[in-house]
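Below, each structure is written out as structure tokens.
Two complexes are shown next, each including subunit A; its partner changes from subunit B in the first to subunit C in the second.
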Partner chain A sequence: MLHRRGVAAWRFTRRKPLGALGFLIVFITVLAALFAPIITFHDPLIADFTAIKVGQSFNHWLGTDEFGRDLYSRIVYGARVSLIVAFASIGMGTTIGAILGIFSAFIGGRVDDFFSRLTDIMIAFPGILLAMAFITVFGIGLWNVVWAIGISFAPPALRVARGATLSVKNNVFVEAAHAVGASNMRIIFRHLLPNVLAPIIVVASVQLGSAILIESALSYLGLGVPPPAPSWGRMLAGSVLVHATTAPWLVIFPGAAITILVLGFNLFGDALRDVWDPRLRGR
Partner chain B sequence: MGQYILRRVIIAIPTIFASTLVVFLVLRVLPGDVALFIALGTDASGVASEAAIEAIREELGLNRPLPVQYFVWIGNALRGEFGESAFTHRTVAYEITSRLPLTVQLAVMGQILAFAIGIPLGIVSAMRRDKAVDTISRFWSILFLAMPQFWVALMLLLFTSRVFNWSPPLGYFLLWEDPGNNMLQLGPAALVLGVGGAAIAARMTRSSMLEVLGEDYIRTARAKGLMAGAVIIRHALRNALIPVISLSAVTFAFLLAGTVILETVYAIPGLGSLMLTSIRTRDYEVIQALVLISVVVVVLLNLVVDIVYAWLDPRISYS
Partner chain C sequence: MTTLLEVNDLRTQFMTDDALVKAVDGVSFTLEEGKTLALVGESGCGKSVSALSVMRLIPWPPGRIVSGSILFDGIDLLSLKEHEMGRIRGKEIGMVFQEPMTSLNPVLTIGRQLTEALELHLDMSRYDADRRAADLLRQVGIPDAESRLTQYPHQFSGGMRQRVMIAMAISCNPKLVIADEPTTALDVTIQAQVLELMKQLTQRLGVSLIIITHNLGVVARYADDVNVMYAGKIIERGSAAQVYANPSHPYTLGLLKSVPRLDQPKTESLDPIQGQPPDLGNLPPGCAFEARCRYAVERCATDTPILESVGGGHEAACWQIAEVAAAR
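On to the complex of A and B.
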């Protein structure tokens, strides 16, 4: 089993080197976030007024900010916030969307019409505005941010799950399951879900990058995960531009961190989509 | 065609109705006591007296049944009466109309730039598939889709201030009153928006163009000896641009969302910065009006695109 997975991974790397690179970026970021206390040498929150805005050195790999906090430590710890928000919001949004989509296609009729119209409207609505409206009502906080971002990812998952269910639900094996007296629940979870899982995973992985971008934008606007947890978006907010005229690394590195992680997610997601969804190959 | 448009418009009406109902429920009913919310916003001390809450409740008609509240609210909104800003004490309608020109101008400039850069790039990319031009343009698209727009804007600001010692002017400049300062203020933001939008446009144009180039009628056109340019422009491009234009509503919505952030970075007094200020000061009437307007705009954009799509693509039946 392990051997077969190894072979599959190797074939993926051969066919989609950029996708493998994307996976590597994400994998390294996840490791860095997990082992942040081991691979950093300064507390990301403790100010050091003897080392304000010092440049890159052996002690401070990426320099320090206007409070003398180590930028490298802050970026490594910031990965935690970005990754938690991205995975949790995508997981939540995709699960809700997928379940609604399968049920919507399975039930059909007016229920299906209703969900399809709702999806059309919500997809057209920019995720960041939806998230801002949500934050306005429920306030800031880690889980509110997760929900705020997650709801805008439910509609695409709903649409994909609905389409996939529609294409498999008329197969003979579903009819056979009906004939032997399987309940609707059993048909949905044992026969439909496994068949629509691949496109759902693809749509989730393609959107992880957008979730990171929305999270960083919310943090930048002061509507994201509240302080003191270091977050990449907030590191670019406030008076950073004033300080950046003498210490440009304060703007360069946090943004580069966002870009690299989003790039990793996008490359991996696109490759996964190409491999699992042959209709879209080469686009 | 006329019937088709009429039917699309008729379908759009319940959609708009339903989305306004959602806005009403989410922003008025879900947060619990809106009156307390607004009272807290008006009172700097952060404590709201019972009398003040009761006065706001009376003023907004929150004592009445929900359906009545909804119809009063939507009726007022239709007449352009969105109430008064709790913060500036000017009418919400004034706040919005004075800022609307800047945001619309920014989004339109961004969209024009996005198409002007993205569509030619996508065409060239598809025609020279897997050649150097294609690789560079795709790399550029992938990169710009991964960069947060506010970061690109910050880097640009940093660059111009360090190298040229120049920053965009701050203030309120309308295009027809002070075109120079207006363009200097909005130009960099529109550039950032446009370059980001171009990444999406180039990607869409490329994939749509590749699909069309594989069609039989392109081979036929080549086989009967048409010049390459004529094939590309008359046969391929005309068909390839249909999905791109129909998706322009999506990119336009993306640009509108981008304006929220870029207006903040460049301190442009448009609707985006109004939205953010209102969220910070809990200026509830303004937030409600802005969300309502953006929902309606999104639904209307979809309607326009559906109609334009049907008009452009004769394969779509109007029945």
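On to the complex of A and C.
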């Protein structure tokens, strides 16, 4: 089993080197977030007023900010916020969207009309706008950010799941499942879900990048994870811009972190979309 | 001999935007235990809809069973609630579909699909269900059953998939198996194997079988009784031997004449039925076959013929039975 997985991973790398690079970026970021206390040497929250805006050195790899906090530590800890928000919001948003989409397509008729129109309306708003509206109503905080982003990403998942379900629900195997006495619930979860899972996972992985961007944007606007928790978006916000001319690394490194992680998710998601076909699995 | 299935005056209709399509229009038939019944007819004559009605698998909307009764083993299937019907499907009545390439779920292993009915109806443990599944695969002639269980449908050929479908249909020891054109999508050589297998299994397990087909060769070899359908009605019925020896409806006669025979002189050309089957949403009054029938008389255009005996349980619905018999 392990050997087969290894072979599959190798083939993926050969066929989609950029996808593998994307996966590597995400993987390293996840490791860094997990082991943040081990791989950093300064507390990201403690200001050192003797070392304000010092450049890169052996002690401060990426320099320090205007309060003398170690930028490297802040970026590593910031990865935690970005990843938690990205995975939790997309996980929640796609799960809700996918389940509603499958039910909507399976039931059809008025129910389907209702969810489709609702999706149209929600997609008409930019995700960031929905998220901002949500946060304005419910206030800032990590889990509110997760909900806000998750809800704004549910509609695309709903659409994809609905479309995929429509294309498989008229297959004879669904009728055959009815014919062996399976209930509608069983057919939805046992027969339809595995068939629509691949496109849903692809959508989710592509959206992860966007979720990080939105989280950064929300933090930049002061609607994200509240300070002093280090967040990549917030590192770019506020008075930092004043210091950008004298200490450019304060905007360069967090910006680069956002760009690289988003790029990683997108590369991986795109490659997954190209590769994933259940009929090729196990060959 | 006891009656397993008794269908009385079944009417199944589809509401489309333009018309009310009477796909099955007053069909009655009975099936004795252990017998094989063939429903014969061309595409769109209502034979599949009849079978799906028995399973109560008519999709609503647009389809609906509007009247009639279906007595299966003493139970009126049309009066059952949906979850009660769920206990009949797969357990008491198995079904084999026409398209072996699409009737299996592409992303589930063969084993999981085979064990589905076992888990649903017989409450078997995973281990027992797997062993039973392997045993079923061996019964339908698939070698190396244990390792085949972990494979996906795309790793099976068409004939092998149809064997898997048969194994699924018989997995809970049903009393009745309905096979909807089980061989239409298969190679000729495989067709014979699959039919032979079905015959053998149904005989050994004492299962009754309804074969839906348009292939008269299949009927002759494998069916005890034949119901010929046209435009939603049964227009001729009898034992396979009776219908072959004395086709009494012009449509049956036409069907038999449109199949080439090996003992026929090469110079003789085939004699196909002219014209197209009628639009089921807009049936003419009288006999539905009237427009294509060479024996038609005035009366056929106005009065609908009913099934009348032509001797020994053999019945046909035609006003011109005597003329057809004379021309045979």
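Things to note:
Here is the rule we use: the second predicted complex is superposed on the first by the 276 of 283 C-alpha atoms of A that agree within 3 Å, B and C clash if a C-alpha of one lies under 4 Å from a C-alpha of the other, contacts with A are read in each partner's own complex, and residues count from 1 in each chain.
Convention: a contact is a pair of C-beta atoms (placed from the backbone, for glycine too) under 8 Å apart; a residue touches a chain by one contact, two chains touch by 3 or more.
Here the structure is a predicted model, which means the values were calculated and not measured.
With the C-alpha superposition on subunit A as described, subunit C and subunit B fit side by side in the combined arrangement.
In the superposed model, A:Pro248 makes contact with subunit B only, not with subunit C. By the touch criterion defined above, A:Asp120 lies against subunit B but remains apart from subunit C after alignment on the C-alpha atoms of chain A. Contacts of A:Ile38 after superposition on the shared chain: neither subunit B nor subunit C is touched.
Angle at subunit A (Cα centre) between the Cα centres of subunit B and subunit C in the superposed arrangement: 100°, in steps of 10. Of the two partner chains, subunit C is the only one touched by A:Asn171; subunit B is not. In the overlay built on the shared chain, the residue A:His191 is in contact with subunit C alone; subunit B does not reach it. More residues of subunit A are touched by B (comparison of subunit B with subunit C).
When the two complexes are laid on top of each other via chain A, the two nearest Cα atoms from subunit B and subunit C are 15 angstrom apart. Counting contacts by the rule stated earlier, residues 282 of subunit A appear in both its interface with subunit B and its interface with subunit C.
On the subunit A side of its complex with subunit C, the touching residues are 171-173, 175-183, 186, 190-191, 194-195, 197, 278-279, 281-282.
The part of subunit A that touches subunit B in the complex is made up of residues 117, 120-121, 124-129, 132-133, 135-138, 209, 213, 216-217, 220-223, 233, 236, 240-241, 244-245, 248, 251-252, 254-255, 258-260, 262-263, 266-267, 282-283. Listing the residues of subunit B that touch subunit A in their complex gives 15, 18-19, 26-27, 30-31, 142-143, 145-151, 154-155, 157-158, 161-162, 207, 210, 249-250, 253-254, 256-257, 260-261, 264, 275-276, 279-280, 287, 291, 294-295, 298-299, 301-302. Subunit C makes touch with subunit A in their complex at residues 55, 57, 83, 86-91, 94-95, 97-99, 102-108, 116-117, 120-121, 152, 154, 165, 168.
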